[in-house]
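Several structures are given next for inspection.
Two complexes come next, and they have one chain in common, chain A, joined by chain B in the first and chain C in the second.
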Partner chain A sequence: MALKHATPMLDELEKGPWPSFVTDIKRVAARKPMCEDLLGLVEMSYEHKEGHWKHGGIVGVFGYGGGVIGRYCDRPDLFPNVAHFHTMRVNQPASKFYTTEVLRKLCDIWEEHGSGLTNMHGSTGDLILLGTTTDQLEPVFYRLTHELGMDLGGSGSNMRTPEGCVGKARCEWSCLDTQDIIYDITMRYQDELHRPMFPYKFKFKASGCPNDCVAAIARADCSIIGTWRDKIRIDQEAVRAYVGGELVPNGGSHGVEKRKLDIQKEVIDLCPTRCMEWDGKNLKIWDEDCTRCMHCINVMPRALRPGTDVGATILCGAKAPILEGAQLSSVIIPFMKMEPPYEEFHEFVEKMWDWWMEHGKNRERLGELIQRLGLREFLKAVEVQPDPRMVNTTRYNPYIFYDPADVPGGWERDAKSFRERHHA
Partner chain B sequence: MAQIEYKGKVFNLDEDGFIDSFDNWCPEWVEYVKESEGIQELTEEHWKVIHVLQDYYRKHGIAPMVRILTKVTGYKLKYIYELFPSGPGKGACKMAGLPKPTGCV
Partner chain C sequence: MPFDPTDIMKDRLTDIGPPKYDKFFPPFIKDNYGKWKYHEILEPGVLVHVSETGAEVYTVRVGAARLMSVDLIREICDIADKHCGGYVRWTTRNNVEFMVDDKSKLKPLMDDLKSRGNWFPIGGTGASVTNIVHTQGWVHCHTPAIDASGIVKAVMDELFEYFGSHKLPAQVRISLACCLNMCGAVHCSDIAILGVHRKPPIIEHERVQNVCEIPLVIAACPTAAIKPKKVGDYKSVEINENRCMFCGNCYTMCPALPLADGEGDGIALWVGGKVSNSRVPPMFSKLAVPYIPNEPPRWPTTVQTIKKILETYASDARRYERVGEWIERIGWERFFEKTGLEFRHEHIDDYRLAMTTWRTTTQFKF
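Coming up: the complex of A and B.
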């Protein structure tokens, strides 16, 4: 079927083996004028090498301060069907497991009220409904909540939609029930999610182990990363099977052909703390020196497993470059048990938020506030004792602040008595 | 930019229904826009929020952070949503004639 606008450049993107977003949108455009105009608008942007959406857009549903990203095209004269093209963020189930029944119902709603286009999913995790008009926002919200029991996700200066890795649902390394943790955070902090009250955005992510499949350390102001504090469980029989070539290393990630694992070269010598030894028959791990980097476990998943005394390392402060430079999260709590009802974690979160809400400047991420006021102030606020595990190296400059209470005599000094001992 | 007339006053609006300039604000604007923001009757409390926003904007040239708004008015955020169902940004700032909130919204 011929579409309204010629799209010679977009048509090029229908070639090649990767699934083409152009082909997909064209299929929807055959029945949706909104998509037809979207293709035309994008083609024009390709031609001009400029975006054609206006600045900003403030729309939403009553009761919430976020969840919808307003968008208006700057050439409604040419593309009237995308004059409004708002995005709705829908809170996804943790780790994104669906039944077709839910997805079908969701599609029915979006087919009726929106463009029919989606983003599965936004990088924060939300299921994203891409493109609708202001008058359709409340009807979609009504149907999401009443028919599907689904809610909007977060946007604005609030707690954004939390997300976790696949966790225990289908990973043998997960030290955390990431789905339960994410669901708990989402439900407990609904108010913080829907009604912006923070200096800026705040994200949570939970990964079951240090492989960090949801990139919590890079993409969350508060990163929850699973770990253990007892011994790696070793099945010596299975180790020998890897060495003997009966089991394929790395679960076949580097080719499924059977080969003998060079355990010395591929595991022992690559261990970052060199805390392993292979005597030709048995594998020995000095667990007290292990930093739980996951490498040996990743190579021999059938032979090695994380310990059983599991919990999480809590890290804070990750953010993208704006304004003060990119940051990864830093260790704040080296080990915390993470079991329902997660009271210890909630206490930590609430203390952290109180401090940030009190001291954070407008649009200052937590990581920047920690940088500005110092890790020490943050630790005081969340009542956590400093620990060597919180730093990579000690400081190398001598600009060390002391609390006057820790210095005999405090800061109040008498210049006269100094002069008695030292003449000018 | 759309133009509307209400009680003899003319307002220029953007797509989101914000007025083009704080200087063009007048009490009739609040009267006009309230319904689209889910407000039946304007109470003194609505006006208090609007005036706090306007005073702050005149003094600082920006809208206050939510925390400052709640501190100065003494209203909890929940109550501000009861007064202005679309919240302090889309609801109260729009009615107070402040410029549209920007950034990652």
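Coming up: the complex of A and C.
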């Protein structure tokens, strides 16, 4: 059955080896006028090289201030079936394991009430239901909560949906129960997630180790990254097996064929702190100088493992460029034990939010507020002592603020007594 | 009880959050949670994890378009039902992973995936180009300067051989964002594709006061180019066009300041970002190409430029070196020389801390 709109440009994207979103949409378009019109609209965008969605759109479900992204096309005269094309963010299970049973039910609900198109997944982590009309939002929400035990994710000036890496579910390096931490944050702060109450958006992400597979350091206002405080565990037998060529370096990431690991060149010389030595038989690590970058562990996963005294480094402030420029998260708490019920972490979060909610300007991310008022003010607010681990370098300008209380005699001075010593 | 549209608050469930993560764990994941000892990549796209208990889990990773229909999800479910006990997961880069608990189940699973046309390309592990983290583009967003899905498809088609192989010096993370909001990972990727505008917004003076909160619009500008202004009887704004660098943030705040432009908009390419702490700390992506025009549906100039950068890196970088580490070692002057990219005024930073990016040493290469 021919589709309603000619799409010569999109048809080009049905060719080639990578899975084609066009072919995929087309098969649904055969029974869904919404998808048919979406293809027509996108084809028109390809012709004009301009998008065709109107600005903004405020829709949602009762009781929540976020979770739905309203969208209306700017040519409903041509494409009436995408006059409304709202997106619903569904909070994914942490680390995105699913049963086919729940996915099938979700597909059936979405086919009935929406376009039948999704994003698996949004960049923040949510399962995205892409395209429905305003009148379908409540029925979909009702069915998600009642039939699937699923809830909406975050949008707007609120806590967004947290996400973590695969963690202990399928990784030998995870120093944290990333899923449990993410689930704990999500459940504890449901109110903050569903009802915008912040100056701007706020994101949490948790990675089990410094490889940071969920990109927490770049994409979360509060980044929780697993680490350890004791020694890297070494299996010298396995180290020798890498050097002897019995084990494949880097788990096979650089080719799965067997080859001898040049341990000096590939590990020792690439260690950022040069805290390792290989005497031809044994590997020695001066752990007090190790900065836990993961490189040696990545290269020899069968010989080296993170230590067992594990916890998290908490970093804050990452954001994209708008407004003051992009930021990576900075170290605030070098090490924190992360075990249920996570009370120490909750206290930190709530102090951080109290300060940001009081001082943050409209649409000012935490990272920008810390820039504006200074890291010192933030540390005071969260009751954390300054620590050299917080800086790459100490300051190189002399413009240092002091509190008058810290200076002998304070700031109240008298010109007359100055002039008794120094005649003008 | 089905939903009752006449009594909308009846039986309303709220704040239930997501299903608990372990509800959908396969049994072998639940049993070995936190007990994993090591992993290996058996071939591109295929991992094995071995537990302290001796249990093994085999993972097959396949590429996906992220934008997917319920039909495709159902097909993924068919595969997972047939081979994986009804379990499946997605990665943080939107690939799909099928897991089996026994090596004998691996080949039938892979044969099945390969038998289904090109929907499930196996790869994305190790030193490869894995899936491109991307955004909404012209499919759903109101502020894009470029499309997302189309460009991603065009780039992945061209770089397809690198998805299912381990030929590169290190993993290469490519990402795309269709505007400066940089949803996703553009500011921290090995190679990043970014939608940019090059013309100041159009001001619809008669609409501004009705649809915008003017102080918010003024505060939205990073370069303070916007001032309030009375235009006839209308309260509106004035934009100092010499100060505007077309970020589009004012349009995000005010629908009466559209700036999309078919001829003006296009792509900037960035290189050298990373998020891992491995060897060197995380790095931002830096500008490589200020502007390439939009060329739907295949964006050939963009695709070929990315390929050139990737292949120059692949031939010149040392093992384990990410794109950013390679550039830091050889220097930017060599990067431009080797890739044949043109160095222009636009590459030199002129925002706030710009001077920290200029060269304050006589150390450079001729």
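The rule is short, and it goes like this: the second predicted complex is superposed on the first by the 424 of 424 C-alpha atoms of A that agree within 3 Å, B and C clash if a C-alpha of one lies under 4 Å from a C-alpha of the other, contacts with A are read in each partner's own complex, and residues count from 1 in each chain.
Note that in this section a contact is a pair of C-beta atoms (placed from the backbone, for glycine too) under 8 Å apart; a residue touches a chain by one contact, two chains touch by 3 or more.
Only a predicted model underlies this, so the values are computations on that prediction, with no experimental measurement involved.
**Q** After lining up the shared chain so the two structures overlap, which partner does A:Trp278 touch, if you call chain B first and chain C second: first, second, both or neither?
**A** neither
**Q** Counting only touches as set out at the top, which of chain B and chain C does A:Ile217 meet: first, second, both, neither?
**A** So A:Ile217 only meets chain C here.
**Q** When the two structures are overlaid on chain A, which partner does A:Asp151 contact: first (chain B), second (chain C), both, or neither?
**A** Once the two structures are laid over each other on A, A:Asp151 reaches chain C alone.
**Q** Give one of first, second, both or neither to describe whether A:Asp191 is in contact with chain B, with chain C, with both, or with none.
**A** Once the two structures are laid over each other on A, A:Asp191 reaches both partners.
**Q** What's your read, chain B or chain C touching more residues of chain A?
**A** Greater contact footprint in residues on chain A: C.
**Q** Just chain B (first), just chain C (second), both, or neither: which does A:Lys201 touch?
**A** In the superposed model, A:Lys201 contacts chain B only, not chain C.
**Q** Figure out whether A:Phe335 sits in contact with chain B (first) or chain C (second), or with both, or with neither.
**A** neither
**Q** Can A:Pro19 be said to touch chain B (first), chain C (second), both, or neither?
**A** Second partner only.
**Q** Examine A:Phe62 and indicate which partner it touches, taking first as chain B and second as chain C; both and neither are also allowed.
**A** After superposition on chain A, A:Phe62 lies in contact with both partners, chain B and chain C.
**Q** Quick one: is A:Asn362 in contact with chain B, with chain C, with both, or with neither? Answer first, second, both or neither.
**A** It touches chain B and chain C both.
**Q** Under the contact definition given at the top, report the residues of chain A touching chain B in one complex and chain C in the other.
**A** Chain A residues touching both partners: 54-56, 62-64, 69, 191, 362-363.
**Q** Per the contact definition, I'd like the list of chain A residues that touch chain B in the complex.
**A** Within the complex, chain A contacts chain B at residues 54-66, 69-70, 72, 84, 155-157, 191, 195-199, 201, 357, 362-363.
**Q** Which of the residues in chain B end up touching chain A in this complex?
**A** Residues 15-16, 18, 38, 62, 65-67, 70, 77-78, 81, 85-90, 94, 100-105 of chain B touch chain A in their complex.
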